[in-house]
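Multiple structures follow.
Note that chain A is present in both complexes that follow, paired respectively with chain B and with chain C.
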Partner chain A sequence: MTLSAVLDDLTREPGVRGALVVSVADGLVVADALMEDVDGGAVAALTSSLLRRMRGVAQLLGQAAPQLVHLVGGEGSLLAAPAGEELLVVAVARPEVNVGAVRLALRRAAERVR
Partner chain B sequence: MRAIEPWVEPPLSAFLAESAARVTLLMTASGQVVAQHGFTRSLDVMAAAALGAGIVASTTELARVMGTATLGNAAHQGAAMGIFLSPFDTPRGRWIALVVYGPETSLGLVQLFFGRLVADLAGAAPPAPKSGPVLAENFEAELNASLRSLFGR
Partner chain C sequence: MDDIQALTIQLARDPSSLVFLPLAETLRRRGQLDAALTVAQQGATRYPEMAGAWDLVARIRSDLGEGDLAFDAWTTVIRLDGEHLGAHKGLGFLAYRSGDHRRSLRYLQRAVDLAPEDGAARTALERVREAVGAHAVPGFPEPTIDPLTALEPDPGAAVLVDREGRLLAGGVRTSNGDDLGDAIAAALAGVSREAERATRLLGLGGWTRIGVEGDDTNVEIRTPTPDTVLLMFRVSRIPSGRLILLADRAEHESRRWLEELR
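Up next, the complex of A and B:
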């Protein structure tokens, strides 16, 4: 299955405005399926930076690396799940999204990308 | 961080803080240094400016030979550090940025905040002063003043 197909499945979840596969080390977009008003480059750069810092915090605390990162903002959510060491699957969602369903879909997408 | 023109400093400071770049050099298309951060020796900054301007000139000519529009950014990823080189337009003409970054940041972050730096410089640039004739007796004094601005000596 192609990366595009995985992302298309993820964006079919109600309330998901877009999804990306991001290179963790570079912070660059590998593949995306985004609405026009979502700046994929900025999301990729900032989310990869966040994940690398979260991994650093987890390492300092002697914990395992995070399996899922969920940021809740006033106008929506950002969810990210690592797909192996090098890639990251990100979903940008509206505030009213069913978070449980998106988390499940994101984990499945990460497994398929891995 | 040191800049020949003070209006460059706030946008460049913001870029350095946000991108976590280790070394940044802003220069004109001809290789004249406008601002620098991270260099400690004038010889290094002059060499880097000459090399950066040369690379951009080469890629621009390569683009012409290939029959395409001007080539954009160049990124070189090394094992420990990366180099980002990009020409960009300002109200003062075409400039070039050379950025060296380490594993504490990423190419994506450097690119993201570089876009903001370009916009901030465009907004901060005052009207260009009227240029007069270049006189031999002024040249050395202006060169020394620029070096003092960049290296504080």
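Up next, the complex of A and C:
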């Protein structure tokens, strides 16, 4: 399955505005399926930075790397799941999204990308 | 055309204008509280550093009977403007309504100190004093409870840190007894700014929480006030929804505690 197909599947989840695969090390977009109003470059850079920071916190706590990061804002949220060490699958969602369903879809997508 | 229509048209023409203030106030006075709140909340989101916008949100929340949310909004006002008379009066009223007379007296005393000519504040202060049989007690208020200690039967499960990564409350201990609080605090420095930047750039509104799920633990990160970050973690067998509820409570208590400290 191609990266585009994985992302297309993810964006079919109701409330998901876009999805992308990001390189964790440099915060660049590897592949994306985004609505026009979503700035993929910004999503990639900020999400990878946030994930690196969360990995640092997890390491301090003596825990394994995070499996899911969910940043929630008043008007929507961003969910990210690592696909191996190097890549990250990210979904940008509307506030009314079914978070439980998107979490599962994101983890599935991360497994496919891995 | 009435005032509301005229102001609504003005706001629609220029959503960045400050006309949301008189519009929300007019709606509030006419009892259209839900509409007033929507307008005021949007304005406060657009101008997060404007104390007057948050004061308006707080008054509407208070009218709606949403004491906790009004408290949060007035606490934001005081962070932005420590001498905001309306916020001290409002918090004094809320504290009295919730039965916390000691706190009510402190807010109202501050309001009277700020504006000795304000008859309403003086009267309210006198009434609260009479109601509780208290006399004015000068002196610096000491917080008596570390909110995270109070909430955490399992020490080492939460920390509250400032924007610069300094520990304010709580702690994290390893099984060897090593205290990781300072290291965690340092690792969290800048998290709030980063999350804020991300949500702003992505049009997601102000950030409210970060949830991190791992194989062994789940972590909740909150921002009780714009200059502090709260981190709480639990082993992952505790359902993430329950951790969210615990973090909600810790966030609320932290906010109250910080407000008392300040």
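Methods note: the second predicted complex is superposed on the first by the 114 of 114 C-alpha atoms of A that agree within 3 Å, B and C clash if a C-alpha of one lies under 4 Å from a C-alpha of the other, contacts with A are read in each partner's own complex, and residues count from 1 in each chain.
In the analysis below, a residue touches a chain if its C-beta (ideal position, glycine included) is under 8 Å from a C-beta of that chain, and two chains touch if they have at least 3 such contacts.
In this text, all values refer to a predicted model and were calculated from it rather than measured experimentally.
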Room on chain A for both chain B and chain C (clash or fit): fit
Touched partner set for A:G15, first chain B, second chain C, both or neither: neither
More chain A residues in contact - chain B or chain C: C
Touching partner for A:G27 - first (chain B), second (chain C), both, neither: first
Partner chain in contact with A:A42 - chain B first, chain C second, else both or neither: both
Minimum Cα separation, chain C to chain B, after superposition on A (Å): 9
Those residues of chain A which chain B touches in one complex and chain C touches in the other: 42, 46, 49
Complex contact set, residues of chain C against chain A: 45, 172, 174, 180, 183-184, 187-188, 190-191, 194-195, 197-199, 201-217, 219, 231, 233
Chain C-facing residues of chain A, complex: 37-39, 42-43, 46-47, 49-50, 53-54, 56-58, 60-78, 92
Partner chain A, residues of chain B touching it in the complex: 77, 103, 105-109, 111-112
Complex contact set, residues of chain A against chain B: 22-23, 25-28, 41-42, 44-46, 48-49, 52
